[in-house]
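A short write-up of the structure that comes next.
Labels run A, B, C, D and E following the written order; every chain starts at residue 1.
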Amino acid sequence: MLTIASLLLLLAAIPTLARLLRGPTLYDRTLAMNVFGTMTTLLIALAAFIVERADLLDIALLYALVNFIGTIAILKFFRYRTLGKIPPSPPKDES
Amino acid sequence: MFATILPAALLAQLPVLQVAIPLLAAPVCVLLGRGRWVHDFSLLVTAVVAITSLALLQLVLGGGDASYALGGFAPPWGIEYRIDPANAVILLLVSVSGFLVLLQSRTSIEAEIPKQKHPLFYTAFLLCLTGLLGVAATGDAFNAFVFLEISSLATYALVATGKSPRALTAAFRYLILGTIGASTFVIGIGLLYMATGTLNMSDLATRIPASPHHAVIQAAFALIIVGLGLKAAIFPLHFWLPNVYTFAPMVVTIFLAATATKVALYLLARFVFVIFEDASFAGMLLMPLALLAMFLASLAALQQGNVKRILAYSSIAQIGYMFFALALASTQAVAAAWLLMLTHALAKGGLFMAVAGIALQTGSSNLDDWKGIAKQMPWSAAVMVVCLLSLVGVPLTAGFVAKWSLLVAIFSTSGSIILVAVVAAASLLTLLYAGKILETIYLGTPDEQRATANLREAPLAMLVTAMLVAAMNIYFGLNGTVLSDLSNRAALALLSGF
Amino acid sequence: MNATELVMGSDAALFMSGMNAYLLDFLATGYNYWMAIVLMMIGFYITLARSNLVKKIIGLNLFQTAMFLLYISIGNVVDGGVPILTDNPDALYSNPLPHVLILTAIVVGIATTALGLALAVRIHEAYGTIEEDEILDAEAGDS
Amino acid sequence: MLFAFLIATALGIAYLRHLFAVVMLAGMFSLLSALLLLSMDAADVAFTEAAVGAGIATILMLSAMALTERQEKPSNRSMLERLPALAVAGAFGALLIYAMLDAPPFGDPFAPAQTHVAPYYIEQTAREIDVPNLVTAILASYRGFDTLGEVVVIFTAGIGVALLLGGFVARDRSK
Amino acid sequence: MQHRLVLRILAKLLFAPILLFAFYVQFHGDFGPGGGFQAGLIFASAFVLHGLIFDVSSARRFVSDRLLQVGAAGGVLLYAGTGFASILFGGNFLDYDLLSETPTSGQHLGILLVEAGVGIAVACVMVMVFRAFADRLPHLRERDW
């Protein structure tokens, strides 16, 4: 049961990957990356249940965290083009 | 001397103290924070390190190899530090160079590095020293990689502090190539681990002959030679070196020229002779490359207009000599290689010190700006003369002892008089570019602007240190047995295995 | 069923359908090795051939990550488990030593990346570009 | 399957010019390889690789991009100029493939790597160190000196970045 | 900027749990995956998140640059100091056996100290590096976009 679930997750990752590689706009890519991160988190959680080691759930937790911060960083960069101090008048972003 | 003064408990800890003292000093240097203190502190640390290495050398020469189990775990399970005459000499070379360089270069650091960066600069310098010492002292293959990276990362940062923007690109290129080299090296170690199951060097040496995976070991051998070759700037893997030497701050150039490539070369020799043992095949393959290095790099040096760059190409040529000696693979030849390393460090170190003094006063390292400088800075020019003669290998200088023993070793090992002649001819090329420099600084006529400028001799500390090194060049030339005895012990230790 | 079989097993199942037995035999023994080598070559190529400095660093990262995979493959044991001791005395563990080495190597890798990026930033400030070709042109111009 | 993903990502990194996308792909490459590392029982390594590769490295690259450029310029290097790089990468790969043909089979519990030094750690850790996580035991104790080196490497990088980017210098209090 | 309200509240909410997670990884490293290095990274990522959503300068009021520098050096010193301590207790460098009454408790103490050193150093260096990058003024040029 768990194996099937993980297999399905892997299959679902294929279109996500395609979107990430092709994705015409950055929003597509960011979203794809976020979804992909979520799926990896789930995959690890499943793996933890399959091998019956609760330790691995720590890793899933870390993935979720990293994924969140990474997405924020990308979006902030996308919006303000900097990760540091936001310039007084944020540049227009009609790209 | 030291064996009687120091308590036995301390003697036993010497191998690790050698590396751990500068390692501990580096963060302290950050904490110290500002101004003059940092220089004095770093100088003190390097002095202690130099004394440690002297004591260690004496210990090893007197009482045989020193093995130190870090963490108290017996090798091959724990990491081992293993000091024999071969690396004790290298440790001495590195730590004494570190001390002399710092002694010499307070003024040039103040001129080249903004004041608020001094604490970090000295920290990076100490880290670089730590890394090089760690590579030389360790008996564990992976540990060597870690310390190689410490020294490399510190070197990239140090090089990039040079004033010219080209220092940045030089550092970047060095970073890319250095990282490729280190990664290649580490893949080689991984393959060795795969074939033998161990990372300890002496354990590797015993287990390699018994391993059934020959191809894996051969590939590992190739990868390690290429990886360390990049670090040691062996021709044709040398192309990062000229820019690095030219655009780095003077202190860094002196230190790197005297030590960094030698440490990589030492590690290479350790792998080839101790771990793989049968190196004859590789030797045949690599000897022509070494010969090419001698000729091409010397020719390239002739065409340069910048003194630092001339000396950088000369270093590549000299590394060719050392590599040639190693490729011959007899005890005599390896001893000659060690002699070459020591005397080259003396000659190049002294040369760059003199260059640092002149460049500080004239504000340029272009040969054209140095015409007739000898009249205004006679002592610095004299140092250059001595060190250039030593570099060429003129009798009565340390360089002669090394070149002579190389020629003797070539003859007795290969029996070919042609090879001897070829190598001797390569030495003549050295004479050409040395002559070019000397001619300019002694016989050239300065342009008017400089002739009238009030140029003074280099600051006292710089001059005295440079003269000290020049004096060492002469002393070891007159009294060649000291160095050649050391080198023979080193070669014996290396070729007899662990 | 453990984590290895989870991924490798599904891999093998997918491959089995398409390939003949001989090829499978050949590939399956060192499947990880081959893939790690291919990845390493891609990373190596990016590092050497690309002109953009940031891309070079990314290539270097790729190269190193592939190297990590190779190392960990060396230490893998069929049916072995995560090397954290359990109460079961008969449990098989994968070799923990390569894991330790690679932890160190990852740290070295990120350190190099940080320094390399800092250099790239400074180069951009000095030259206004991070394309190696343009920098080389600029350098050829001023010396 | 995972490898197919990895290679697709790697090729994507090689071909895309949009550095922004490349950085995202690199982050994903890290996540994927972490997954793969996990499948090879290397839990600690997967943990670190995810945190480093997908987390810190991505953020650093984005910061660096904010300060440099976002677009890789089309290269005017001809195919001929790329040939050396291709040749070197190819030779490198060929050497490794040559080695791997002779390598012990994947996962072999009787390979030299598994039988010489490693069993000692597995058998003795419980007695000598008494820590369940073997990786921690080796990292901090058996090979503790490597880890000291590792910390110094990170420290060196910090010093280097501070030296280069000029922040974080000690304040001169005399002023 | 009000339209980032969700993020601001989320960051404030998450800050403490991330630190907690970091401590968990730090001290649970003996039993599960993780240890000083990973904990240091997570610790740093909490500050990175804070820096992303608020400003680097506001975080500076709590953790000054000098403090980070001292922390990084202190972490290395703690590690190396443990090594020297074990020499003083009569063992080899980094031999934790003699740090406490029994070898295993000595090992536990040693590993704890060493991992703490790693964690502190890594966290400080990572925040340092992030700030060093974030502090630079970006070269905003429309044509790059």
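Going forward, a contact is a pair of C-beta atoms (placed from the backbone, for glycine too) under 8 Å apart; a residue touches a chain by one contact, two chains touch by 3 or more.
Just so you know, these numbers come straight off a predicted model, no measurement behind them.
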Shared chain contacts [subunit C and subunit D, defined touch]: A, B, E
Closest chain to global C-alpha mean, per-chain Cα centroids: D
More contacts between chains, B-D or A-E: B-D
Centroid spacing, where centroids are CA-atom means, of subunit B and subunit C in whole angstrom: 32
Whole-Å gap separating subunit B and subunit E, where each centre is the average of the chain's CA atoms: 36
Subunit A and subunit C: spacing of chain centres that average the CA atoms, whole Å: 20
Chain centre separation (subunit C, subunit E; CA means) in Å: 25
For subunit A, residues that touch 2 or more chains besides their own: 10, 47, 55-56, 58-59, 62, 66, 69, 73, 81-84
Residues of subunit D touching at least two other chains: 1-2, 35, 38-39, 43-44, 46-48, 51-52, 55-56, 59-60, 63-69, 92, 96, 100, 103, 111, 113-114, 117-118, 121, 132-133, 135, 139, 141, 143-150, 152-157, 160-162, 164-166, 170-171
Subunit C, residues touching no fewer than two other chains: 3, 6, 10, 44, 53, 57, 74, 81-82, 84, 97-98, 101, 103-104, 107-108, 111-112, 114-115, 117-122, 124-125
Listing of all chain pairs that touch each other, if any do: A-C, A-D, A-E, B-C, B-D, B-E, C-D, C-E, D-E
Residues of subunit C defined as touching subunit D within the complex: 3-4, 6-8, 10-11, 14, 28-35, 37-46, 48-55, 57-59, 61-62, 65, 68-69, 72-78, 80-86, 92-104, 106-115, 117-122, 124-125, 129-131, 133-134
In the complex with subunit D, residue positions of subunit B that touch it: 23, 26-27, 30, 33-35, 70-71, 73, 76-79, 115-117, 119-121, 123-124, 127, 130, 134, 142-143, 146-147, 149-150, 153-154, 156-157, 160-161, 184, 187, 191, 193-199, 207, 211, 213-216, 218-220, 222-223
Complex contacts: residues of subunit E adjacent to subunit B: 69-70, 72-74, 76-77, 80-81, 83-84, 87, 91-97
Residues of subunit B touching subunit E in the complex: 13, 16, 20, 23-24, 26-28, 30-31, 68-72
Subunit E contact footprint on subunit A (complex, rising order): 55-56, 58-59, 61-62, 65-66, 69, 72-73, 76, 81-87, 91, 95
